[in-house]
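Labels A, B, C, D, E and F are assigned to the chains in the order they are written; within every chain, residues are numbered from 1.
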Amino acid sequence: MEFVRTGIDGFDGLFAKNGYPMGSSVLVLGGPGTGKSIFGLQYLYKGASLYGEPGIYVTLEETPKKVERNVSSFGWNLRKQIDDSRIVIMDATTPRIKEIDTDVIRAGLGIDNLISNLTEMIESNRAKRVVIDSLSVLAFTNADEFDTRTKLIRLAVSLSEMDVTTLVLSEARTNEIGTTEFPPETFLFDGVIWLMLDTNSQERRIAIRKMRGVKHVLGTFKFVIDDEGIRIKA
Amino acid sequence: MEFVRTGIDGFDGLFAKNGYPMGSSVLVLGGPGTGKSIFGLQYLYKGASLYGEPGIYVTLEETPKKVERNVSSFGWNLRKQIDDSRIVIMDATTPRIKEIDTDVIRAGLGIDNLISNLTEMIESNRAKRVVIDSLSVLAFTNADEFDTRTKLIRLAVSLSEMDVTTLVLSEARTNEIGTTEFPPETFLFDGVIWLMLDTNSQERRIAIRKMRGVKHVLGTFKFVIDDEGIRIKA
Amino acid sequence: MEFVRTGIDGFDGLFAKNGYPMGSSVLVLGGPGTGKSIFGLQYLYKGASLYGEPGIYVTLEETPKKVERNVSSFGWNLRKQIDDSRIVIMDATTPRIKEIDTDVIRAGLGIDNLISNLTEMIESNRAKRVVIDSLSVLAFTNADEFDTRTKLIRLAVSLSEMDVTTLVLSEARTNEIGTTEFPPETFLFDGVIWLMLDTNSQERRIAIRKMRGVKHVLGTFKFVIDDEGIRIKA
Amino acid sequence: MEFVRTGIDGFDGLFAKNGYPMGSSVLVLGGPGTGKSIFGLQYLYKGASLYGEPGIYVTLEETPKKVERNVSSFGWNLRKQIDDSRIVIMDATTPRIKEIDTDVIRAGLGIDNLISNLTEMIESNRAKRVVIDSLSVLAFTNADEFDTRTKLIRLAVSLSEMDVTTLVLSEARTNEIGTTEFPPETFLFDGVIWLMLDTNSQERRIAIRKMRGVKHVLGTFKFVIDDEGIRIKA
Amino acid sequence: MEFVRTGIDGFDGLFAKNGYPMGSSVLVLGGPGTGKSIFGLQYLYKGASLYGEPGIYVTLEETPKKVERNVSSFGWNLRKQIDDSRIVIMDATTPRIKEIDTDVIRAGLGIDNLISNLTEMIESNRAKRVVIDSLSVLAFTNADEFDTRTKLIRLAVSLSEMDVTTLVLSEARTNEIGTTEFPPETFLFDGVIWLMLDTNSQERRIAIRKMRGVKHVLGTFKFVIDDEGIRIKA
Amino acid sequence: MEFVRTGIDGFDGLFAKNGYPMGSSVLVLGGPGTGKSIFGLQYLYKGASLYGEPGIYVTLEETPKKVERNVSSFGWNLRKQIDDSRIVIMDATTPRIKEIDTDVIRAGLGIDNLISNLTEMIESNRAKRVVIDSLSVLAFTNADEFDTRTKLIRLAVSLSEMDVTTLVLSEARTNEIGTTEFPPETFLFDGVIWLMLDTNSQERRIAIRKMRGVKHVLGTFKFVIDDEGIRIKA
C-alpha cells in the first residue's frame, strides 16, 4: 500500500506511515473561517510542486478567480502550477445559477454530470489529487434530503473508484461537529479531519478523527495560518 | 488586490492589510440591539465622507425615514451625504405590504427584481459600497425554506459579480450564532463579522470570524456605541 | 425627535434622553407572571394621568373586566381614567370564541379587522399610546406559521405608520428568551424590553435589549411589584 | 374582590390576601408523582369541609373509584363529602374508550360536551370549586395540535365565565417546566402553580409562578405529603 | 385495599404498606441493559413461588425461549413454574413478522387482539400478575404516532379493568428519562419505576418516581444483579 | 448454554462466563474512527484462527478489497483465512449503485434479499459468526423512517433465528450515544457494546452496556489499537 503525503507542514508526521493511504476519500469538517479551503489548496499546491502529482480543485461555491485570489497572500506560486496545468480549478458553479431554472435547481445539482466531467478531467490531466469545495452546496441547494444523500453516495462511491486521493470540504454548523458530534455522512468516507477556530482562546486546532488503514496520533493540535499557509505545531 | 477600509474606529487595524479585499460580500451576524444597522450605516457614512466612495443602503425592514432617524443621535452629517447622493437609502419595503396580496407574499420577496434595481442603482450612482438590511426579512416572509435558500444563492452570486463591497446584515437568534454555531448560509459569503451584546456583563463585543484573502487578528474585542457611533477597543 | 416617558418608576432614566423615541413599536418579552400586563397598564395609566396622553389597551386574551381587576390592588385610579375616556380597554377577545366557527379560527384572527378598528379608535380618541396584549394569542390561534408571520408584519408595519408609541406584549417560553435567545419576530420592532422572574433567587429583573435611536444603559436591573405597581431599582 | 382559601396547610399564607382571587383559573404544572391530583382533591375536600363550598372533580384519566382510592390513605372523610354531594367526581373518561370509535377519538375529546355537562353540574350542585384532571389527556388523545389549542381556548374562556375557581392539572415533561420553561398555553390562565419532586435531593417543592390580581411570595417552598395530605413548609 | 408484594429483595420495604396497591398498572422505565426484563420476570417468579400468584409474561420482542434463557444464570427454578403453569410466557412476537405483510405492520400491532388474548389467558390461568415487555415495540412498529397513543390508552384502560397488577416495561432513550424528563404516556399509569445504569460510576440505581395510593420513600437506591437476580441496597 | 469467545485481547474476561451467550445479536455503537470495523474483523479473524469458527463479513459500505486493506497494517494473516474460505467478505454494496435506479434506492435496500443471501452463505459455509457493517447505510439510504424500522425488525428477527453469533455495527452521531443516550433500535438486540474516541484526552474507551443472559463487568475500559489490532486494558 502506498501513502499520500499532503506536504502540509507538520501534518504528515501525525501518521505512522508519514501520510495516509493513497486512494482515500477524506472529509474535512470545520466551521466558517477555519481554513478548509486553504487546507485543500495547499494540499494540491504541495502535491504539484513537491511531489509532481497533478490536482483538481472542484469549486461549487466560488468562481475560480476568487479561489485563486483567496490564497494570493501566501508565498506560493499557484499561478505557475495552473499555467502548467499541474493544478486545474474546475468551475462547477455556473450552471447552478445561469443556465438552469428554479425547478432544475430544486432537483439539485447534477451530480452525475459532475462525476463524469471530473472523471474525464482526471484522465486527461493524470490527476492524483482532488479537492471538492464543498459538500455544503450540495445540501443547501437541494430541497429533498433523501436526494442529497443519494447523491452523496454516488459521489463517494465514484471517488472511491477513481485512482485519486480526495479531500471533500464541508462547512460545520457548530464547533463540536467533527469531535463529539458528527454529520450522518461521515461513514461514507475513509477519513475525517477536523478544523476549529476558537474565537475566545484565539486558537486554531486540527485533529484526525478517523483514518482507515493507518495508525495516527490521537488528540488535537494547534496550527497557524501564516505567510506560507497552514503550519501545524505538533 | 485592493483593500477596503471601513473607517470604523479601531476595526480596520484588525486586518493585516488595514482592511479586507474589495469586492467581498460579508455577513454581519448579531442578535437584536447589537448594532448591526449602525455598523452598516457607519460603513457607508465613512466610505462617503472619508474615502469618497458612494454607497447604497437597501432597507427591507424599515422606511428610509426611520433608518435615518435611528442614527440621528450621532454626530454625523448623514443628511448631507444623502442630499449629495453619496449615500442612497433604497426602500425595498413597500411592495411587501402595499402592492401585492398574501399569495404573492407567500411566494417570497421578488429577489430578481431587487437585484436588477440594485444593479441599476449601483451603476447610476457609481456606488462602491452596499449594505443589505436584512437577510432576516427574506427568511421571515418566505414560507418555503428551499425557495429562501435559492434566493440567497442568487443574491450572493449577484453581489459577487457586482463591483462593490457589501455588508449583509442578519439577525441571530442566539448569542452563540456567529462564534460557535453558524447559520447554513455562511459559506456563501467571503467573510463573517459577529456582533454581541451581553446583558449580564454589560459588554458589547465584535469578532472577525472569517475573511477570505487577508490575515486578521483572532479573538473578540470590546466596543462601545458612543456619540460618534461604533468604536472598537482593540 | 421627541421622546416618550413611560412614567414607570426608575425606567425612563435608563435612556440618555430620559425616554425613547416617540412612535416606536416596542416588544415586551417575558415568561408567565413576570409582570408584562402590569407594565403595559402602568405605561398607559402614567401616560394618561401624568402626561395627558390618552391610551388604548387592546386585549386579545382576557375580558376588559378581568384586565381592570388584575391591577385593582394597586393604588391607581384606573377607573377614573376609563370613565374619562383617557384609557380605553378594547375587547378583541369575543369574536374568537362566540361568533365564528372552528374553520374561521383555523384561518387565524382577523388582523386587518383589528388594525382598522384600532386605527379608528386611535383617531376618535386621539390616543398617543397603545398596548397590545398579546402576540402569544396570534400564534396560539393560528395553525399556519407563515400566516402568523404575515399578520405580524402587517401589524408591525401598521403600528409604525400610526402616530402612536406602542408596547406589544409577548409571552416567552423560557427565561433565556429576550437575553440570549430571541424569537424570529424581534427584528420587526424598534425596541425589545425583557422581563424576568427567577423563582430561585426570588428576584424580578428588567433589561432594555434593544432601542433604536437612543442610547440606553446596558445590563439588567432588579424591580419589584409593590402597592404602586412596578418600581425599578436602578 | 373576594379571595379563595385553598385550605391546604401553609399555602394560602403565601398570598398577601391569604388566598387568591375567586373566579381564577389556575394551571397546576408538575411531573409524574409530584402530587397534582392530591393537591386538587385536597383543595376540594378543604373547600367542602372547612368553607362549605361544594366542588367538582372532573376526571379524564381514571375512574372515579380509582380517584377516591388514591387518597384513601389520608385521614380525610372524602366518602362523606361525596355521599352528601358536596364533592362530585365527574367521570369524563368513559366515552373516550367505550362508546366511540377510532375516528372519533382522532377528532379529539368532545370539549363542548364536557363544558355543557360541567356547566349543568355546577348549577345543579352550586359548586364553587372545580378541578380538571388533566389537560395531558386533551393533548394525548388529539392528533391535531391546532385542534387541541382551539379546545383549550374554549375551555379556558368557558371556565372564566363560570362562577367557579378552578384548578387545571397538567403533567409536565421535565422538572424545568413551570419555572424556567413554559408550555404555550400558560397565558390562558390567571395563575400558574408549579410542583416538583427531585429524586436526588428527595425533596418536594412548590412555587407560585404567576397569580393575577394579588401579591404573592416569590421563591420555591418545600412540602411533604403525610397522613393529612400536602403540607407546605413555608 | 390490598397491597402487592413484588418479592424483590429490598424493594417492597420502600413502601409504607410494604408493597403498592393491587390492581395498579406500573410503568418500568430504563435504558438498555438496566435490568427491566429481569425485574419483570423476578416479580412473576417471586409472585408464583412465594405468594402463590400465577403470572403472565407477554413478550413482544423475543421468543419465549430467549426470555427464559436470559434469566437462566440465576438460581431460580423458572422452568418448574412454567411446567406447573404458574408462569406463562405468552408469545406476542410471531404474527408481527411471519403472518402479516408490511402494510399490516404499518398499521401497527393488533392491540385489541392482544388485549382479548391476554384477558382470556388471565381468566383461564387465574393470573394475578402481568408483565408486558415492552412498550417500545408498540412505538417502533407504528408509523402513526397518534395511533400508537390510541393503542396505549386502550391498553392502559384495559389493564386497569382486569383484576391484575401489571408491570409495563419501556426502554428509555436517555438516562434522564424517568427522573427529570418523562415520556408523554406516564400519566396513563398508576406508578412509575425508574432503573438506571451509570457506566462511569459503575452503579445501578432504582427509584420510585410515582405510586398512587401509598406513601413511598423518595430518593434513588443502588441495586446489584447477582446470582439471585435483582437485590436493592436500601 | 454455550458462550462465544471473541478472542479480542482483554475483552472476554469482562464477562462472568469468559464470553457471552452464543446466538446473541449484539449492536456495536461508536462514532467515526472509534474502531468498529476493526472490532468486527478481529472478532471474525480470531474466531476463524483460534476457535475454528468460520465467519462472514457483510459489507454494505465499502468494497471487499477496501475492507481487507483497512486492516492490512495489523500482523494478521487475514488473506489466508479468506483463501481457505474460513472468512468470507460478502459484498452487499454493488446493487445500491450500479444495477438499480434512484426510485429503487428510494425504496431502500432489499433487506429480504440480503437476508436470504446471508442465510444461504451461512449454510454453505457453516459460518458461526457474522458481522454486518453497517446499520448506518440502512437508515442513510432509506427515505422512509418507518420502512427502515420494519427492515431492522426483519433483520433482527432473522439473525436471532440463524444459528450464528452476530455483531451489527452502527455509526453513532455523538459520543454520548451508547452510554447515556440510545438509538431507538437498541431493544432489538441482545447486547450493546459501546466504543468511544475522546480527541481531547486522546483515549479510546469501550463498555458493555447491555448483554442478556450473562453477568458482566460494569464501567468503561481504555483500549488501544496497536500492531495486533484492538487490545483492552482491563
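By our rule, contacts are C-beta pairs under 8 Å (C-beta built on N, C-alpha and C of every residue); 3 or more make two chains touch, one makes a residue touch a chain.
In this text the structure is predicted, and so the values were computed from the model without any measurement.
The chains in contact with chain B and with chain C alike: there are none. Common neighbours of chain D and chain E, by the contact definition above: there are none. Two copies of one sequence, chain A and chain F, touch each other mainly through non-matching residues, since under half of the numbers at the interface are common to both. On a Cα centroid basis, the chain most remote from chain C in this structure is F.
Between the two copies, chain E and chain F, the C-alpha superposition involves a rotation of 60 degrees in steps of 5.
With every chain reduced to the mean of its CA atoms, the largest distance from chain B is reached by E. Mean C-alpha position of chain B lies 60 Å from that of chain E.
Averaging Cα coordinates per chain places chain C and chain E 52 Å apart. Mean C-alpha positions place chain C and chain D at a centre distance of 30 Å.
In chain D, no residue touches two or more other chains. The touch graph of these protein chains is a ring, one cycle where each chain has exactly two neighbours. Going from chain D to chain E and on round the loop of contacts, you meet the chains as D, E, F, A, B, C.
Every residue of chain C that touches chain B in the complex is listed here, in rising order: 1, 16, 21, 146-147, 149-150, 153-154, 157, 160, 179-182, 184-188, 190-192, 194, 207-215, 218-220.
Chain A contributes residues 31-33, 37, 61-63, 66, 69-73, 93, 96-97, 102, 105-106, 134, 136-137, 139-141, 143, 171-175, 197, 199-200, 202-204, 225-226 to its touches with chain B in the complex.
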